[in-house]
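Multiple structures follow.
Two complexes, one shared chain (chain A), two partners (chain B, chain C).
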Partner chain A sequence: MTTAYVALASSTLGQAASTLFGVVEAVGGFIAILLIVFFVAGRVTGRLQRPIAIVICLGPALFLVTLGLIIPAITTINNSLRNQQFLGQLKTKYIGFKNYTYAFTDPYTQQTIIRTVLWLLIVPAMAVFVGLLVALLVDRMRYASIPKTMVFLPTAISFVGASVIWSYVYNYKAPSLPQTGLLSQVVMKLGWSNPPNWLITVPLNTFLEMIIMIWIQAGFAMVILGAALKGIPDEIIESARLDGASGIKLFRTVQIPMIRTTLVVVVTTVMITTLKVFDIVFTINNGNFSTDVLARQMYADMFVTNQVSRGSALAVILFLAVTPLIYYNVRTLRREREIR
Partner chain B sequence: MTTTTTPAAKVQQPLKGQAAVKAVRKAFSSSLASAAAVFIGIIWTIPTFGLFVNSFRSREAAATTGWWEAFVHPSFSLSGYNEVLTGGGGLAIPLVNSLAITIPATIIPIFVASMAGYALAWMRFRGSDFIFFGIFALQVVPLQMALVPLQQYYVHGLQIFGVTVLPSPGINGTIAQIWLTHTMFSMPLAIFLIHNFIAQLPSSLMEAARVDGASHLRIFRSIVLPLSMPAIASFGIFQFLWVWNDLLVAKTFGGTSPEMQPVTARMQSLVGSYGAHLDLLAPAGFLTIVIPLIVFLSLQRYFVRGLLAGSVKG
Partner chain C sequence: MKRHARFATAAVGVAALATVAGCSSGSSNTPTASAVPTLTGDCAQYQAYAGHSGSTVTMFGSILSPESDSLNKSWADFQKCTGITIQYTGSNTFESDLPVKVNGGNAPNLAIIPQPGLLQQMVATGTVKKPPAGTVANEANWNDAWKGYGSVDGTFYAAPMSANMKTLVWYSPKYFADNGFKVPTTWAEMMTLSAQMASKMTGPAKPWCGGIGSGTASGWPATDWLEEVVLGTYGGQVYDDWISHKVKFSDPQIQTAMQTVASWLQNPAWVNGGYGNVATIATTTFQDAGLPILKNECGMLQQASFYEAQWPKGTKVGPDGDVFAFKLPAVDPSITNPVEGGGEFVTAFADDPATQAVQNYLSSPQWADSRIKVAPGWVSANEKVDQTLYTDPIDQLSAKYLADPTATFRFDASDAMPAAVGSGAEWKAMVDWFGSGKSIKDVAAEIDAAWPTS
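== the complex of A and B ==
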């Protein structure tokens, strides 16, 4: 028994060591190449020095961005107009916008799109609400960092980890047994003798999964909005108070307008994250029991059910939905730069 | 606007009818607000705390009663952790894999992006502004959009109209394709964050170095890189958390055997195979989140700075 245990431990250790050695090798190799390139390029003088420096500094980034983002985006748009089913399929042809028509007429996909829109509306609104509320509550608090850290903590937790954590909240047991899920326990103590099996109850399960996302995103909203609230000059708040504004009125007429830009940026950023939400739905129900969203269905189309072109069409739809949000953020950013 | 009014004058102002009520309410309101904030904080922490408690209970206890029972009938054991770390199909190898994925996928983008950030900020040329905003706008490309083409590239090389433009990098099925993928996807945010910091370094510093005859690459190496550490730290934490917590890229390029999987993918298959490993979920889950939590809590200040620079300031 002990020898088997030791053997197992040492084989694990050996594997771990070789994996980590590969990492050291790779990072070391990368830095060595950089140093060599810098050394060689450093010998160049005169007119060519500047262009060479630009190419060395900017080249790798542009190469990676082109290879990893620009070309794939074009390829995916192209794929979405074809009838490719599985990866590596050779004989495919253009079928026009059929994949898009399919996405908007197929009842299952329609449901998916509607559900994604619900996610988009509810999650950012609630995350910003909670984040703003906490930011306001702790504004003049003494040990503000304690509740702030508590709300901010889930930001560091993976969506998968969060799904595991919340599975102990939503866990279902027959009412006669001792409960292991916190939610069932709480509602039963409150007098609901026969709570449902939360995660397979449609449409409740979708909203319960949204709560996980709100739980993660609220901390982000709190930090950004808290900083924006702190950024409002004291004189403005002070003079508004002298004019008789306080509490809700101060908040509505002074603080909200002052942080409007930040507010919109936070909403759009949470929206972008929400639009791409895949892990939570994938981990908890794998999209079953009417919880599917765009990002999960797309993954299944591409890698599970061999419908690459349909999946690509969904990816393009996602892309088109994100574009105006990013456009807005870039425009805000450019405007702020011009002011500066 | 009464700009000349002093706080003293404010006290002397005639108060309306409910002055007393208002004063009392004001005194209470700040402690009430604090209580509300702490209350929300506690609600936000309870789910994680439940996982933490459950991870230290025996499998029977965790499977049959809720974690709160541990305070009524205390019984704690480390058997779950023991099993998760040493058992076959456990988390030991995936934890190592996660580190092996995360460390290069954090370090490599830092170098690539800070070089690009320096070029875009201090070696201005025609179109450099366009490139900067172009890269930033590439955030618009969802990860999902790039998965299939990237996988085809890793297997067959880059082909345009059937002609191979770039050969396959020969890293198919290795951990290196996860590094490369994360590096590519990190570029827009990394360049944006680091560029904005580098651009604010004092120009007198750069000019002095140039007068002394330092080349651009030399300035980058011995002035810009050391001075940009705050921005690099912010981005580094961001990227570390992002890569550690990623599931989609790991799932697509990481294969299905536990030998190759990082913790997130391993956890996902544990949750998925309902019943089989459900009893080990709590210790496994806590091991999964504990490293990012430590990184986060010890370097929170830098992380917040990165968040603020990323979404509020230009």
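== the complex of A and C ==
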């Protein structure tokens, strides 16, 4: 029995050691190759110097982008047009846009898409609203750093961590039992004697999950927008005040237009994050009880139920949905750079 | 399927690591001896597998430590005598890892596949090798149904390894004795007992408890409930046709079975003992589901033999202990001995002699006996296994039914259905059914719609 243990331990150790050894080998080899390339490149002079420099500087980035982004994208698009049901399946064939037709006609997927759009509309709007509100309110406060830190802290928490925290807040226990969920306890104290089981009540649960995302993103919005607000020259604010603008009018007609570019960047960034939301829905209840969103359904289709082609189609849809946002974002940034 | 304990991270001593770091392990199969050596003494029993000394056979499965340690111990003598090294690796994401490995040309020599559905997929990739003659001969020791689940389109590929019994109901013998309840032997008796219990129980106590929460696999325990009822009401043929979708979920027979489940485990007067209303079944984890039995807040829990691992330390399991199990009776008494179970299949991606020797050994009753002796909590459905070796009362109970040639044995249907249904739509639909009270008709329609067409 002991010998078996020893054999077992040594085989586990052997595996761990060889894995570690492999990693060290790979990283070391990579660094060595880079050093050699740089060394050789440094010695080259004359006509070849410039082209070699370009290749060496661009090469690794292009190589990695091709390997990690372009090839998988092409594979995914290719897969989405086939009838592949699982990885490595033989004899799959092209079936045109059937997977896309399915995605837009299947009632379950339709609901998923509608829900994702709801996320996309509500979360960025609320996150920016809350962030902007806090930034404005605490702008001239004495201990502004305290509320700012409180709002910003969640940004540092991972989505999964935040979801776990909030799932405790939303925890449900029958009203007769001692409560463990903060939300249930609060509303019961306020006189609602029989609160619902929050996370399985449709459609309330989707909105409760959105709150988690807003909670995380509001801090990010607050910091960026707060900085932009501070960046408005005092003279402009002063002259606006002299012209009789104050409060909401000042905010609407002077401050907002002045931070417009920043606002667009924040909204599109939050939108892109929201469109890709996966962790929260996955952690809270795995997309059950009508809370599924595009990214989670894609994951499940690809890796849980092995419907590779259907999952690929959803991935492509997600990709196409993000593209205009990124384009708009880049264009705004570029225009801003031109102005400066 | 969800019986394997979480991965216990192996603590690696740095000093020990330094000593072995030098030798990187080559995992290729290098059959050396051309002449088969004669094994003597204790090793003589392994003569049939001799002649491949120095070879390494890689094996990949979902079984994790400490259960994988028991496996390693069970073939320690085999390794010592034959000189074949079995290198086992476990993963808690086995089902998604295996297709990736196989697709990437990195298939293990042997894989321990717990779902016939996944076996079918692997065979369809054209990488699975047919078993050697010895394994095919050993297969006769199993109930015919098992051979069917290890076959794809009529060709036999994989021999079963372990088996678990799903047709069990957990209860507290103490609580039953104190209240004069009798273990039911028919479905009607079980229903009468439930009603009797419900009238006696107070507070959060109810006759039945349940939980189908299980992370990404939430919903699977409810698929088992439906499977038990389908098998126990209509028998094997309807059950098989249901797996192949000849009988749809919207079929009147399956609809009736769902009604039976609803009147049993969605009956507000009968569930959810210790937790609250029916909907709490959807949010309670399957691990927690049966714990109220220990507090006398729940009368019975329908769950598989592997639930034994969930009882807290110190819980006495046995006919006169804190908890024990009885066999769930058939809904229709004319169905003889319906038994639903699960298990694993040893699938080969290589056909070198060493791999085949391991395959032959693992399908032999000798290996099963050796594994049973290592630790309890493991049962084989091999009918040649020495039944007296089982020490654990649940193992004994499970083995009695699993190795019974007269039983109507069927494999977990959701594991045999296409993954899109068996690990997707059906799980989701069950969660909706219990959690948000969706109608039986809608639940069935949702599952049928997800059935892969092409």
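For the reader, a short list of remarks on this structure follows.
Methods note: the second predicted complex is superposed on the first by the 304 of 340 C-alpha atoms of A that agree within 3 Å, B and C clash if a C-alpha of one lies under 4 Å from a C-alpha of the other, contacts with A are read in each partner's own complex, and residues count from 1 in each chain.
Here is the rule we use: a residue touches a chain if its C-beta (ideal position, glycine included) is under 8 Å from a C-beta of that chain, and two chains touch if they have at least 3 such contacts.
The shown structure was predicted, so the numbers you read here are calculated from the model rather than taken from an experiment.
By the touch criterion defined above, A:Leu87 lies against chain B and chain C together after alignment on the C-alpha atoms of chain A.
Looking at the shared chain after the overlay, A:Phe303 reaches both chain B and chain C. When the two complexes are overlaid on their common chain A, residue A:Asp106 makes contact with chain C while staying clear of chain B. When the two structures are aligned on the shared chain, A:Tyr168 is found in touch with chain B, with no touch to chain C.
Contact with chain B, but none with chain C, is seen for A:Val265 once the two complexes are overlaid on the shared chain.
Of the two partner chains placed by the overlay, only chain B lies in contact with A:Ile224; chain C stays clear of it. By the touch criterion defined above, A:Asn286 reaches both chain B and chain C. Of the two partner chains, chain B is the only one touched by A:Asn79; chain C is not. Which of chain B and chain C touches more residues of chain A: that partner is B. Comparing which residues of chain A touch chain B with which touch chain C, the overlap comprises 8, 12, 15-16, 20, 87-88, 177, 282, 286, 303. Listed in rising order, the residues of chain C touching chain A in the complex are 10, 12-13, 16-17, 20-21, 23-25, 69, 72-73, 76, 79, 85, 87, 89, 96, 99-100, 102-103, 121, 124-127, 204, 215-216, 218-219, 275-277, 279-280, 282-283, 418-420, 423-425, 428, 431-432, 435-436, 446, 449-450, 452, 454. Listing the residues of chain A that touch chain C in their complex gives 1, 3-4, 7-8, 10-18, 20-21, 83, 85-90, 95, 106-108, 172-174, 176-177, 197, 199-200, 202, 282, 285-290, 300-301, 303-307.
The touching residues of chain B, when paired with chain A in their complex, are 1-3, 5, 10, 29-30, 33-34, 36-38, 40-42, 44-48, 50-51, 54, 62-69, 86, 88, 92-93, 96-97, 99-100, 103-104, 107-108, 111-113, 115-116, 118-120, 123, 125, 131, 133, 135-153, 155-156, 158, 166, 175-176, 179-181, 183-185, 187-188, 191, 215-218, 220-221, 241, 244-248, 251-252, 259, 264, 267-268, 271-272, 281-282, 284-285, 288-289, 292-293, 295-297, 300, 304, 307-308, 311-314.
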